[in-house]
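Shared between the two complexes below is subunit A, which pairs with subunit B and subunit C, respectively.
And then the complex of A and B:
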């Protein structure tokens, strides 16, 4: 098994990319992942979203290791 | 003895029924050190949008993260205010206009702690829990809700 990560997408973002979960090759860092996603899914360019690594929101560029769960989170609208 | 708390489910499939809220109030009758309760209820509003009128909101969440975060918020609020009890319920799935989608319930010896804690909880739930609402309009269009 190569260096794979699990991506989860939610809300408007899941709608834009057409799925709520996918496995991709690990780009190594959160910024590399963001660049890759914007290239693969140009419709994300107009969206604001944050990322969570293993269920914690990241505030700065973060290394990603194999097996981690990365979530793409559009602005919350609960309540 | 110090009570050890662990994450618990806050999600309810479908609307929060008034009967559940009444039962929850009744459950506190035996806790006689309580002097005040504060309750916030979020209700689905029939907003008028250029594309149509809101008839329901469909809620989804990142459940594992939401429950971890709700637990963290709960512990912080318990540490900050002298509360006796705290309950949080949020709906998932399609909730129609006029139905209740959020129920926050705090209790304490005196009113101020209950009221302030309830207010802070509602603000933090809306800002920090990974929950998303999709508005369903009467034109059968949908659009993602934005919290203000």
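And then the complex of A and C:
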């Protein structure tokens, strides 16, 4: 597995993706990953979510390197 | 020997920590699934002044997680009921019940007087409103929220590079994007755990014990019992999303931004009633109690999209349902059809009228 990354999905994103954790080939950047996810899981297109790369919530397009863990984080409102 | 002996002997907490809690004041927004455990532990720990804001009433479906209430409290206001419960238990705490919902008009006055705010609300408009008010006032805000089997906790506006909710999510999700507990279900223990974490963070911020979760978002999954911590950094996009003044804050319509429908209370709605105003019940036939009055139009939500032309004549449309959820969707649908009409959803629906 030369260039794999691990995705961790939370909340409704895990439901839409069908799992809360999966390994995929590294698309290279956060934007490329977002595009790939929206294509692979069209139901994500209407969802708001942020990404964290190696447990840091990112603000802008960020390079992703092999072995990194990407969290996909939707907002929760329940109380 | 007093009721705080066991925490006062803790190294790093001590009489100093206790004195800080005693002098502290906390505003708890929402006395629901999160607010109940928060209140229980802040009170037991001896926070000196605690105020509870909640305009909602206790309903049967709350009882699996809102552990301050029982069968005899059904229909009673949550803030009043919670405060009455605690006044009997702890006479050394100064309690205030504020049986209202927090709004752009009262937020500044409510929050201003407190050292720390707890967001135990259950909807995005309130969460963004409370966040923005706390940023404007530079108030420490303990945030917690849940979705089905997961929870998030953080501490905002604390530290040298303070972050807030908009640094994580600059703008609210689209209307109805994220279902509520009422729609997805929730096991009562989850808000219990998240609420306890929130109480812990509040005690840490107020007493100086340990390291609060500032600039960190803690995630918990109750199905696999896993915690994760993510770092939050100040986000330029968040700054531009927050009102820069109270004047701007007062003009914001948080419900509209989050839910896509303008909302009114029953009192505000009553003042609008008149000739050119359509007053619409979108509940399905058989929902109790039925409402009968002159000028009331009954169009069940399930058939609304086929009957939109019934509202051509109305200048303004007021929509209500049982709880205020379907009426928001109905108001959005009507607004798409009639972009020039003033259309409002009545907050809390018939349930709010009953109280």
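Methods note: the second predicted complex is superposed on the first by the 75 of 79 C-alpha atoms of A that agree within 3 Å, B and C clash if a C-alpha of one lies under 4 Å from a C-alpha of the other, contacts with A are read in each partner's own complex, and residues count from 1 in each chain.
Everything below uses one rule, namely that a residue touches a chain if its C-beta (ideal position, glycine included) is under 8 Å from a C-beta of that chain, and two chains touch if they have at least 3 such contacts.
If you're wondering where the values come from, they're calculated on a predicted model, not measured in any experiment.
Engineer: Of the two partners subunit B and subunit C, which one touches more residues belonging to subunit A?
Structural biologist: C
Engineer: What is the contact status of A:32 with respect to subunit B (first) and subunit C (second): first, second, both, or neither?
Structural biologist: Once the two structures are laid over each other on A, A:32 reaches no partner at all.
Engineer: Is A:77 contacted by the first partner subunit B, the second partner subunit C, both or neither?
Structural biologist: both
Engineer: Between subunit B (first) and subunit C (second), which, if any, makes contact with A:52: first, second, both or neither?
Structural biologist: Both: A:52 reaches subunit B and subunit C.
Engineer: Touch test for A:24: subunit B only (first), subunit C only (second), both, or neither?
Structural biologist: neither
Engineer: If you lay the two complexes on top of each other, which residues of subunit A touch subunit B in one and subunit C in the other?
Structural biologist: Subunit A residues touching both partners: 8, 10-12, 52, 55, 71, 73-79.
Engineer: For subunit C, which residues count as touching subunit A in their complex?
Structural biologist: Answer in residue numbers: 30, 32-35, 119-124, 127, 144-148, 150-152, 167-169, 171-174, 177-181, 184, 186, 191, 217, 219, 221, 228-233, 235-237.
Engineer: What part of subunit A is in contact with subunit C in the complex they form?
Structural biologist: By the definition above, subunit A touches subunit C via 8, 10-12, 20, 46-48, 50, 52, 55-57, 59, 71, 73-79.
Engineer: Touching residues of subunit B toward subunit A in the complex: what are they?
Structural biologist: Answer in residue numbers: 42, 59-62, 64-65, 68, 90, 101-102, 122, 125-134, 144-147.
Engineer: Enumerate the contact residues on subunit A facing subunit B in the complex.
Structural biologist: Within the complex, subunit A contacts subunit B at residues 8, 10-12, 52, 55, 71, 73-79.
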